[in-house]
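Note that the chains are named A, B, C and D in the order they appear, and that numbering of residues resets to 1 at the start of each chain.
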């Protein structure tokens, strides 16, 4: 469901724009086998709950709101044993005017979508933050050589190719000293998000790439080094091929200047970078689609 | 990658139209940490391999072609330990003409997309068949009552609602007596597919629904009863809400005649129906996205 | 807006599933320049009107329902001078069961979407019927030769290529003897639709194609020959390229057997086929997007 | 077709990322009626031409590249009478690093897509610039009152609603003193683009809205006032409804704080704002889809 929350408590409004999905597990045998709905918390009730809790508590970071919801669903209704809340957040910024940033007029910004997945059950709580759709490209400092040649290999080796991908990343927080069964807590979810995104971008930019896999690993390594509260980071990155067009038939050279951007990603790299001493992931990744 | 294969060996051509995704696992540490690509079978080579094997062996059922590819990738290249091949198949039928069905002119047919996921590693082979996007609707014989009422529940109980969903189903085959580590084998993948689809449709149509969950279970139960070679079937089904429009302000009643089809599915039901004596699933579901 | 209408008057229900868009023209200067909304029939009212008229009159063919709406909007509200109603219709068929086709359980069918655009103003009424997304392919009897060669031409001539396209067609009806300003009337909109679709498919199948443009013309010509009540038919058809994969590096030939289906249509052919004596199109095409 | 051009002439690379569509008109009767392709400039040749001209001349602003292509196609090949070139441009910015903006690593930026449509034939040249997908929202200063009430009106009047839309805008340039038949020329296409976008955003932010139509008019008026070289600007803007959720059943008020963002835009406002003394539009709008 799409939830927009406007904090009107100050003259300058603040907006949060979220897609919220809730997923409950529990004693659901009767509803499946006999159509007995006594344990089935309806989606309509779940939807109303999201709206009402947003009104009662406001909406801070996506991770905080996810924790609020996950604890509510597992705490309030006995047949529900576990809850997973997935959130997507769309960023807005104030419209600039002659008098400065406007107080209640906004324009959607940013290319990537911020994500959070909060999972809770009787044994614990897990927070996975991330983003999707961060599209990046390097026009130099990327090579691809030394791969095996089978009878079906035609690809030429190259020491100068275009490297482009859409980064989807998700990282799992650990608590430094959390009470048993309570969520890990970043000092500041928003600041952590901005730092991880900046680290990933800079690592992509400054690593001479020998393979997209190696760029991925470098991006993960720097995040684990700089953030002690992150135990593991996972990436899913298609290889957005940009091929130099063959202009020789027209008597022209083409040193990676005119490129054909292929629509279909032929390769997708997925991998996790995890600390050697990372605590067990528990249910953290249970609701995360399409990952390693 | 999109592969179209035309069997031109007879006067009447036959076409297979497939999306094929391959996913390999293996010794990939060096490429990630050192950019050493010696073990990295490039996506370009994988793509060429799919084309070349299609030419060498033709394309029978999606499941057969998936097995062919999975065995090739795990058998030919030592650092590759396992392979998963996902296939989508788009159906075509011959264009009817005054002289009967045309021999080489086709029109795309069918609403649903057939799927197959074949997984292989050194320990075994697994085949999961399925379809996605089979959209169904019942305009009677559906009720929804007896659900719990919390302080956030507003939904009224009903003994006459519209029930609509898009069925995604995936089922896992077992061999009755297969050689160790060889794939389960349906007598005929195409016939099995048509039978499962027909059983699912008929169960949806003829079950008086007390909840979408209960319809789901009925659909799974009949498949397991009729097909001894299927160990488990999983469904993912959104609840495509159709609300009766309130026409009372205009002096009209509306006994579920004029409906507003809401765009956003507020609920999605996912569940597996498995035989009590089903063998272990192994890696069958490893590459299946978004399922229970 | 999405409207689903269930005719429950007989034991066997009948359903109509439509996307309806209404577009009004009229005296709208005050609302734009002064924010005076006195002439502005709100979209909320338009939406309610569609629902209420569906309840009052039922929903017959899409064209009939479009005429009903267009006449209502131009007749009931003085500042509105003209109305265009665009409709998309999604087909359903009864689910087959052991007892025959089910009375109130349906499965979505058909690949193509039926369309209708009805335009009305004080001077007349126009009906344009059509479909979109009818995907067809010929694996033989298609060539492409004799095109001009410029300094940028590399394409080889061929007398055997795969021809594939997604046909979007729209045709304009004329009245044989209609009262002035009244809509043209097909004897039976549904029968006319099925006949045009069948004619288009058969012409595609049986014409040896020298160019997609020539196939298009043949498809239009047969429709005008067989239906005296159609004045003009327009097509928009991308050229869905299917290239034979080069397998020579692997020592294999490939006589159009293994094909790469390119995602991006590089060419789109749009043309109208009109009778020499066709009456003026009036406003028939005013609301039709993306056509010649 | 998707064209990426990397200008590597300086240490800091510059990239242009464009979707380019070309559309030619001319003597095409023979190809349609007889399959005689002698006048048919193939799409493959058109594609090659775009790549080759990008190599020969580089890619400056989208408008410049469109003019280059349109002039080429109408000048080089006699049977082609006219050409329309549609371009979409995707923005990238340099990745920030500790050493400053990176010289050859980029991240996709911006929410909106820049567009240009250049049309040329023997009689003249026309340039239409624009953008699509600029999503904006006002959480105050928007009302909607005084609209007509019919028997199907239920909407309440309001003096405080959320106003949100996705702005698509296209504007037509005029030459102040151009040679006959030559394109209008903005002093600087890029600067003009940034100015128009900023004017549109500020007008949306600072206009107290009585109707979306009135906001639209205010946005167009300021552009025509500030840019003498723009004759007309057109908008297409859906009304992205954000409804306050009814929380009264849970004992809560909701003064536009918790909002349900409806997926489907029920209304779309399209209008042109044109100077009184604007020159004739000629073929400027011929290829512009979905506009007034």
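A few notes on this one:
The rule we apply is simple: a contact is a pair of C-beta atoms (placed from the backbone, for glycine too) under 8 Å apart; a residue touches a chain by one contact, two chains touch by 3 or more.
Remember, predicted model here, so these are calculated numbers, not experimental data.
Note: Cα superposition of chain A onto chain C, rotation of 180 degrees, nearest 5.
Between the interfaces B-D and A-D, more contacting C-beta pairs are found at A-D. One finds 40 Å separating the Cα centroids of chain B and chain D. Chain C and chain D have centres, each the mean of its CA atoms, that are 26 Å apart. Centres computed as Cα averages put chain A at a distance of 30 Å from chain D.
Each of residues 1-2, 48, 52, 152, 154, 249-250, 263-264 in chain C touches at least two other chains. Residues of chain B that touch chain C in their complex: 1-8, 13, 15, 17, 48, 51-52, 54-56, 92, 95-98, 102-111, 134-141, 162, 198, 201-202, 204-206, 242, 245, 247, 249-250, 252, 254-261, 263.
Looking at the complex, you find that chain D touches chain B at residues 151-152, 154, 249-250, 263-264. Contact residues of chain A toward chain B in the complex are 1-2, 28, 31-45, 47-49, 52, 76-77, 144-148, 150, 152-155, 209-211, 213-214, 216-217, 239, 264, 266-267, 271, 289-290.
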